[in-house]
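Structure incoming, see below.
Chain nomenclature is as follows: A, B, C and D, assigned in order of appearance, with residue numbering initiated at 1 for each chain independently.
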Amino acid sequence: MIQKRWSSPADAVADIGDGASVMIGGFGEAGSPIELIHALVDKGSRNLTVISNNTGSGRVGLAALIANGQVARMICSYPRSTNSMVFPELYRAGKIELELVPQGTLAERIRAGGAGIPAFFTATAVGTQLGEGKERRTFDGRDYVMERGLRADFALVRADRGDRHGNLVYTKTARNFGPIMCMAAKVAIVQVRQVVESGCIDPEAVVTPGIFVQRLVEVPCPEQESHLVKEGRCYP
Amino acid sequence: MIQKRWSSPADAVADIGDGASVMIGGFGEAGSPIELIHALVDKGSRNLTVISNNTGSGRVGLAALIANGQVARMICSYPRSTNSMVFPELYRAGKIELELVPQGTLAERIRAGGAGIPAFFTATAVGTQLGEGKERRTFDGRDYVMERGLRADFALVRADRGDRHGNLVYTKTARNFGPIMCMAAKVAIVQVRQVVESGCIDPEAVVTPGIFVQRLVEVPCPEQESHLVKEGRCYP
Amino acid sequence: MSQPSQQPTGWSRHDMARLAARDIHDGAYVNLGIGIPELVTQHVPPDHEVIFHTENGLLGVGPSPAAGSEDPELINAGKKPVTAIAGAAYFHHADSFAMIRGGHLDVSVLGAMQVSSRGDLANWSTGEADAIPAVGGAMDLVAGVKRVVILTEHTTKTGEPKLVAECTYPLTGCGVVDRVYTNLAIIDVTPEGFVAQEIAPGITFRELQEKTGAPIIDGRPRSESQ
Amino acid sequence: MSQPSQQPTGWSRHDMARLAARDIHDGAYVNLGIGIPELVTQHVPPDHEVIFHTENGLLGVGPSPAAGSEDPELINAGKKPVTAIAGAAYFHHADSFAMIRGGHLDVSVLGAMQVSSRGDLANWSTGEADAIPAVGGAMDLVAGVKRVVILTEHTTKTGEPKLVAECTYPLTGCGVVDRVYTNLAIIDVTPEGFVAQEIAPGITFRELQEKTGAPIIDGRPRSESQ
């Protein structure tokens, strides 16, 4: 029988080793899998490449993972925000690498990776610093750059509900990068607010079909990153 | 106020002119917008390029459009089926052109067209007749061919329900090419079983967001292609 | 009695947003950048329905929620809480940028650090060695959306022109800007360079030219020119 | 009394489907082609859960519907009516082929016209001038799915070998086939060519070799070899 449910965040991330590439869902705190990230902080894997839109806030969640010195390289579109100081400090100190990618190109590279597309062309970033060094090509009179599909060893994602087959639905704008990161990772690890019986999610409304999900962990009441930041909390 | 609802199939297709490119949804009869196709037969536009997975059955729907001599060129993956004789006859007689495309490449080319991707690479068809003449390239030790995004002037699509904003949900495997064809056409024309009030479709469960839809026509009881074929019906 | 001489400041930020909103057609799909562009939502003409898109996965952004009813999972690209209208739709990031890159959005309203008379836009980086580079979705928006309009103060806080002959900051896109709304004027980017279409009350064309880092053509109807 | 000599025919189609089903691991995601591969659904071991994918947009294909309860909007890639299991999901064609092309499916079970000892597969066209070419999703499946297995009669109706040194029909894919189940044997495609792993009862290795258009290595455990 298919049973993708795992007992705890710690179990679910236990095989994320040093040097792994890890996609982490979320746009700011919305959709950020904070319990899975904290489990990865506990696990202590180092030299990670993290692919995520942002770099976290305060000293919890993704920011805690970075502050803990576990991340060697970030691939992201927007590594700063109001309460983001961990990444900037390490970046200025030369202790973390950054590959800056336009947000839509980042999303499409992840989707391409998941869809078996090794490369595609986009007009985004043509003629800018972020397009430099990239193969350029004209189609129908317009210039494009070639971008590569992006895959990862693991994805950490937060969804709303899931079933034992791994089918997922999300909440509002917390959906963001979750579905495409599940597609692009060899092992997609998802924390959901609730695990439901198979058949409880309308098959017409499934957002991530179970084939893209390997592990599911129930976290009924996830921490709210912005609350923790406001309280000045630090993880661990 | 946004109101994408049009009064009839005839009105909705009235500006599809000679030489237009038209994507037509459906996988076999499932999702085939038969009333919109029949309206296009009535309209009589000629020299069309039609992009559709199949070529229709019997002498109704897409097969009727082809039989009526309106289609100069088909781009499709599977132009024959049990009850398909119209296309084979015209093809053997040299009266219709065929661009044969693997089904997944066809789907991805349509999605790419809708997503502003002019070209991408896929391993599908490498080393086969359908990969011949295509640019070939190696990424990470594997060979791929380059495929171009596909757009069209119009799309004819069938969905289940829609609202005045153009949001759509589909039925089961009748979804197939509808969502991506709506994305890839300048003007997506959709027949739905029911037009509902905005807000009646759960925003989490919308399959095609309204931005991809230009015209909506209510056809409460669409004809069933297989019934018409069984009865030996001919359109018009 | 003579009034103390005052530097005319032209339009307010809300004026600018109102002028930009006036030019957005009924039924348009619009993405708003962070800052002054956000004010556009408050000035949509009452007989117009405009659908606002936020790149983090929502079409049909509604007004800000009442205090206390914010949902941390319903936010805009600026990570501020929003609401959703009836007829909204949620989708993932790849689908969201398919809308942008695929040319499905009608208008992108963005802020700017610099705009050149060729329509180049710089709005993501000062290029300083110490700065943390962060681009977000700006490059995708300018490359993909049908019409790109800029809402910005005409000059920097220190009085430097933001409308220039050549951008000195790193570019967001080349030749992408269609129109600029500033506190001083509405300026189109044309093959001939900047063309003023409307000038704020109390501002002369000469003042406008003085505060602009590239030649401007006066494109106003003759009756309005001073 | 001597029995009249009979040509041994080996396994039935259901035997072949059962053998293929036996080799599909619990929890696998599987796409089935049209024809003999469709029989695999009937032979999944009772302690295994296998999820069937159909490329026209359904994961979790269930058994055929009872007569009279067919839904023309719930069909498989062969356009036959099917049902959906609890835990199924519907999706559009681009997402469906993202599963295929992206390597998310574990097994693709297909029919064949020819398979070469290098693993080339021909199953979409006779290449005849008069034929209507039709490819469907076969090329995507063989290029994308992790493991490609073939279920086919060992020879054509006229007795020609389907397992050959070189395919003479147009290819579906190059070097893509992992294993072939025929009525005579289970044969792996290896760097050394065809290797028989199991031979149907009543069939000798020599008979198998005679009906095969390329050399076969006997790869059976020594105890089973004849």
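Note that contacts are C-beta pairs under 8 Å (C-beta built on N, C-alpha and C of every residue); 3 or more make two chains touch, one makes a residue touch a chain.
From a predicted model like this one, the values you see are computed outputs, not experimental measurements.
By the document's definition of touch, common neighbours of chain A and chain D comprise B. Chain geometry summary: the mean Cα position of chain C and that of chain D are 58 Å apart. Chain C has its Cα centroid 30 Å from the Cα centroid of chain A.
The mean-CA centres of chain B and chain C are about 37 angstrom from one another, to the nearest whole unit.
Within chain B, the positions touching two or more other chains are listed as 108, 111, 115-117, 122-123, 170-172, 204, 207.
For chain C, the set of residues touching two or more other chains reads 84, 90-91, 94, 97, 100-101, 144. Across the whole structure, chains are in contact as follows: A-B, A-C, A-D, B-C, B-D.
By the touch criterion given at the top, residues 27-31, 53, 77-81, 87-88, 91-92, 98, 100-105, 107-108, 110-111, 122-130, 170-180, 207, 224, 226 of chain B touch chain D in their complex.
Contact residues of chain B toward chain C in the complex are 1-2, 111, 113-117, 163-165, 167, 183, 197-199, 203-204, 206, 209-212. Taken together, the chain C residues at the contact with chain A in this complex read 54-58, 71-76, 79, 84, 90-94, 96-97, 100-101, 125, 130, 132-140, 143-144, 170-174.
By the touch criterion given at the top, residues 108, 112, 115-123, 137, 139-140, 142, 144, 148, 169-172, 202, 204-205, 207 of chain A touch chain B in their complex. Taken together, the chain D residues at the contact with chain A in this complex read 26-27, 29, 49, 51, 53, 59-60, 84-91, 94-95, 97-105, 144.
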